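Data first, discussion second: the structure below is written as structure tokens.
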Amino acid sequence: MTDFSMTPAHSRQQTRWGKIALRWLLYLILGVFAVYYLMPLFVMVTTSLKSLEEIRTGNLVALPRDVTLDAWKTAWSGACTGIQCDGVRPYFWNSVLIAVPAVAISTLLGALNGYVVAHWRFRGANVIFALMLFGCFIPFQVVLLPMARLLGLMGIAGTIPGLIFVHVIYGLGFTTLFFRNYYVTIPAELTKAAKVDGAGFLRIFWSIFLPLSLPIIVVTVIWQFTQIWNDFLFGVSFSQAGTQPITVALNNIVNSTTGVKEYNVDMAAAIIAALPTLLVYVVAGKYFIRGLTAGSVKG
Amino acid sequence: MSKWIEDHLPKVVLAPSFIAVLVFVYGFLIWTAWVSLTRSRLLPKYDIEGVIQYKRLFAAPRWDVAMNNLFLFGALFIVISMVLGLLLAILLDQNIRTEGAIRTIYLYPMALSMIVTGTAWKWILNPGLGIEAMVRSWGFENFRFDWLVNPDMAIYTIVLAAIWQSSGFVMALFLAGLRSVDTEIIRAAQVDGIPTWRVYSAIIIPSMAPIFLSAFIVLAHLAIKSFDLVIALTGGGPGFATDLPATYMYAMAFSRGDIGQAASSAMIMMGVVFTIVVPYLYSELRAKND
Amino acid sequence: MKRLALSVSAAALVVANAAYAEPKAEVLHWWTSGGEAKSVAVLQKEFADNGGTWTDMPVAGGGGDAAMTALRARVLSGNAPTAVQLKGPAIQEWYEEGVLADISSVAEAEGWADVLPASIAAHMKCEGSWCAAPVNVHRVDWIWANADVLEANGIEMPTTWEDFNAAADKLQAAGIIPLAHGGQAWQDATVFEAVALGILGPDGFRKAFVDLDEATLTSPEMVAVFDQMRKMRGYVDPNFPGRDWNLATAMVMNGEAAFQIMGDWAKGEFLAAGKAPGEDFLCASVPGEGFLYNVDSFAMFDVDGDDNKAGQELLAKLIVGPSFQKVFNLNKGSIPARTDVALDEFDSCAELSAADMQASSDGGSLLPSYAHGMALRGAQSGAITDVVTQHFNSDMSSEEAVKQLAAAVANSL
Amino acid sequence: MAPILDIKNLTKNYGSVEILKDINVAIDQGDFLVLVGPSGCGKSTLLNCIAGLEPISGGSLHIGGQDMTDVSPKDRDIAMVFQSYALYPTMSVAKNITFGMKVRGVDAATQASKLATVAKQLQIEKLLDRRPGQLSGGQRQRVAMGRALVRDPKLFLFDEPLSNLDAKLRVEMRTEIKELHQRLGASMVYVTHDQIEAMTLATKIVVMKGGVIQQVGTPSEIYNRPANLFVADFMGNPAMNLIPAKARSDAAGTRIEIARRDSAPIVLTDSQNRNLPEDVVLGVRPEDIAEPGARAAANAQEADCLVDIVEPAGADTYVVMQLGGKHVTARLHAETDATPGKAQRLAFDLGKVSYFAPDTGQRLN
């Protein structure tokens, strides 16, 4: 950690004033960017607190005149997402049922894969890793149709296990990359020592690598949770009535084509849909930086 | 027998993931390549007709726009996100008291789905509703900020929103990198009287090369897959001025029932990805073989 | 002998089961908000009243794009929904893929052929058999106006494009935005086809956008259509790109703008804001002859299970049934597809629409909307829209646009 | 008794690259074998092969008379100490030491008593609850040793265990390891690139280069009778002087001519007829070039040499000259009066010299 203010002192007085000015400038710049990042959230929150009448007549980016929570109530439990008008509440649970197992499984598999690729290298391991990494880049639009066919053949089309399966498959590249990049920073001698101590493949993973992995697990979980919770394309394509995730409900509220638009409800629904990921970011944010520091970003 | 299992356990553990990737990525790519050679419309057909879809693709002015946009958008998005991320990380690394809060503010856009934030951005950027209207209402009647509705500038609004979404993540990557740089080196440089900016440009930033690589991969992946963003912000407009290959492909496959055309555009996209990613993989794997 | 008896009785059992199977339907549609959802709820209620179980599968977005994405995935995974909101040539395309069910038995029993206009009925048939049920008829070529604004500026509803241009120039001079428009490709296309219908006339329109006749596509009249589009571009405010259609409607309501060219779903916005037709806002068909329709319909997919099949038949019957046609369209702002529904409860705009439909059906000028996917396959209409929106959003010359139009159509297979 | 470690014809390839070529080594119970060589010579790979951490491509490997060629590391009855110590970072010192026993299902009481013994032996009793991250380098080293000792294996393997320590600690630990070896009487294989460690610790040294064993022998054999130029150059500090020379043999013995920069060649006479070819490389340790009469020499031959550099090193003073076109170092008394630029009379101990063929590098005598 360095400090701009630690410059050699020419004149004590000058340095002191310069230091204070620099400090102010620093906070000013950080503040300006904070405004840039917060602006859309500000618009969303203020809009969600306005009445539809006020939105129709007033300035879209102004503060609400009368604060009302009606839109939030409607979004949660009253907005129409089809013929049901139960808001996003029923879909929220579907998303949880999809995201939690998918994140858990893809993280565990990523950890095991990363462990193999980094520490149990065999002939061709590099090629396998490269192929998996390249897989991260396949546009999801490409895989929709063949995936639909295979899910049908596997008998899990339209089900939550089917969606979990899809998310796990296309999350593997990134989770493997994260864990691999973390595990390569762990010295190979550790594995060797454990082998000589008599520990096997799984024992070494369980007793030595997993306890070391908390930071990278946090990083991976944040990444995967964000990706899966916010996914729309897979959610809309591989679900059926009763298994649709919250993004589909949100889309149904926001993107109705020939109906009346209730922007306040749209925004409230959007914030509700984003709450779990926001929560994850706020709570785990500290560990996120720490996890990245601990080596995940080292090539 | 147990010895065999012991020796092959790593392969056994990796196998399911590998097979999955083989089938669900490479199998599907082969499938797409095949379909791109057919006249598939609503649903895939498998009678090979030659390269007609590629000829159609290259004859379509919209595809030209989409590819040009990809390069323009991709380059700006990646470069600015990196520069901004690095700058913010350096600023945030100056023992800022409220670092936790600011960091969260910079990072949160990554958590939001573009389906919605796109609408908010649309309002903010709309000259009649957002920033332009606001600044004008303050009395600056000649203020103009109409990129969103200007076909020549609209792609830059996509860049703006995309940077908003991802630069915080890049900032986090760089911040982590700064924290893991050996502080002794920095102290030593300061004792030598080297100015701070030189310390950063000559010592710290070069030592974060692997992070640039990771950031590049994450950003390149986002740039190529950018889809929600365009749909929500401009819908590809004005006209099709902000079309990207991903939106083109989606429009062909799902709005227009022209799957063969979508498949051919997908193959070209994968070709672009390949030329970007392979050098990275090469350097990654070469480094490992040392 | 005994075996035969056994199998006969087994068959009887199956038939009996089919007769008693509780109708079930999973319905994929993209009507998700406000009035739309209320309208579908009517159907669901009737379905339930007849002993059916309705499973709702709504997917909104992009005028059905997202729903069509989901549909493809569902069909390929062998898990097709029972009934799907489909329209235009897409119905025949899906039929060609061999995935649609035949509902001729219902259609014949209910005498659909007698109550539906011939050109609309044609959309519901696949190689002679019925494969879809129409819900409503949206008229696309409407022009909406703010009554007060027109009155204040001494303007009548235009009946020719010259009138329109004159009125627009006048309004512009008065500081009012002549045309409220949202710059999204489908809205550009909506205006374009309204203009094209007026300038090319019904026959020209059919030749150009149904038959894709190259001579018509490259004719001087088509150049004139693009010329008029260029004029229209001048009547639009600069902030139009990306604007949702309902925000444009709001501009007319607020008196910010005078006219909007949009289908009759815009009426729902006026009504929702408490405006009265004829008093606060005016509706008229765009200058020129003809009627462009956008018919929503449901197609039945091939599914297993007697309960599902029973559901499809019941659903088809109810959709075209007079009570649903009336209630639904009162909610939705459109008019019934069947011509024998009493229009007493409908507003003046709907009555006008119904009368025009009847007249144009008789006069052969009842035409499918290209912009709303009624006239052409997606690839073809999309190719045309690409050129239209590109012309509208750039300074492309009309001649160049016509050239590109022909090339795009040729390239769309 | 069968050798405790017997390696026969061992080869190791990575793809088409041969890392180890036809390795044959055997040691007896209680031996301290040191594998030494420059980095990349294959010594660590050989150690890993002995441990079973790398599969071997050919040959056989016996430990304690049992064929261990294809046996996994845990069943070889070995213990290993690593260069980076490889302590498990999330476990306490005590857990680090007992992990191996825990994995093998040793009961808790035995674990505790063995831990206590080893901790006492290494004086790390106070560190048992700490994490590796809280230990100094030397302490980590002891814990790593403890982890090996507690196993009481047939064979100890050490992979450059001292190279991460500072110079002083390195010497201390070296002595401790030697003492440990003598006390336990255990068999050890030790890899290092430091030839002093090799000389001080080993009962048997294997010098390797490019995956090939150059010489196997006791420290004194290696030092006094290097098998080739590489070994001669690698072992010993300062290195052995290797001087190109002409040899002329006759009945009287062998005359060795060494070119000088500015005067006639030095001629040394070896009384034995060694059947040398005309071109040879003469190998002389610095301590075998001294002031006349300073050291007892079997066959001392004297000559005047021009001194270029004088390097006092405390106990000795090194003098550098140029002979046969090479820098040649002589080890003189600390209080020598040699001065740069002046001639110095020096005695060459021909009884201890080595002759090498310049082309093959092999020892000739």
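Details
Note that the chains take the letters A, B, C and D in the order they are written out, and that residue 1 is the start of every chain.
Here is the rule we go by: a residue touches a chain if its C-beta (ideal position, glycine included) is under 8 Å from a C-beta of that chain, and two chains touch if they have at least 3 such contacts.
If you're wondering where the values come from, they're calculated on a predicted model, not measured in any experiment.
Looking at contacts between chains, the pair that accounts for the most C-beta pairs is A-B. Centroid distances from chain A, each centroid being the mean of CA atoms, peak for D. With each centre defined as the average position of its C-alpha atoms, the distance from chain A to chain B rounds to 15 Å. Computed centre separation for the pair chain C/chain D is 89 angstrom, with centres defined by C-alpha atoms. One simple way to say how far apart two chains are is to compare their mean CA positions; for chain A and chain D this gives 55 Å. A straight line joining the Cα centres of chain B and chain C is 37 Å long. Of all residues in chain D, those touching 2 or more other chains are 72, listed in ascending order.
In chain A, the residues touching two or more other chains are 144-147, 200, 233, 251, 254-255.
Residue positions of chain B touching 2 or more other chains: 6, 43, 129, 250, 253-254.
Here chain D touches chain A in the complex through residues 48, 51-53, 72-74, 78-80, 82-90, 99-100, 103-104, 147, 151, 157, 159, going by the rule given at the top. The touching residues of chain C, counted against chain A in their complex, run 26, 29-38, 40-41, 44, 54-64, 66, 69-70, 72-79, 81, 244, 246-247, 250, 254, 263, 265, 268-269, 272-273. For chain A in complex with chain C, the residues that touch the partner chain are 56-57, 80-85, 144-149, 151-153, 157-158, 233, 236-242, 244, 248, 251-262. Chain B contributes residues 39, 41-43, 56, 59-62, 122, 126-129, 146, 148-149, 151, 154, 231, 233-241, 250-258, 261 to its touches with chain C in the complex.
Against chain B, the residues of chain A that register as touching in their complex are 1-8, 26-27, 29-30, 33-34, 36-41, 43-44, 47, 59-61, 109, 112-113, 116-117, 120, 122, 125-126, 128-147, 150, 169-170, 172-173, 176-177, 181, 184, 200-202, 226, 230, 232-233, 247, 250-251, 254-255, 263, 266-267, 269-270, 273-274, 277-278, 280-282, 285-286, 288-299.
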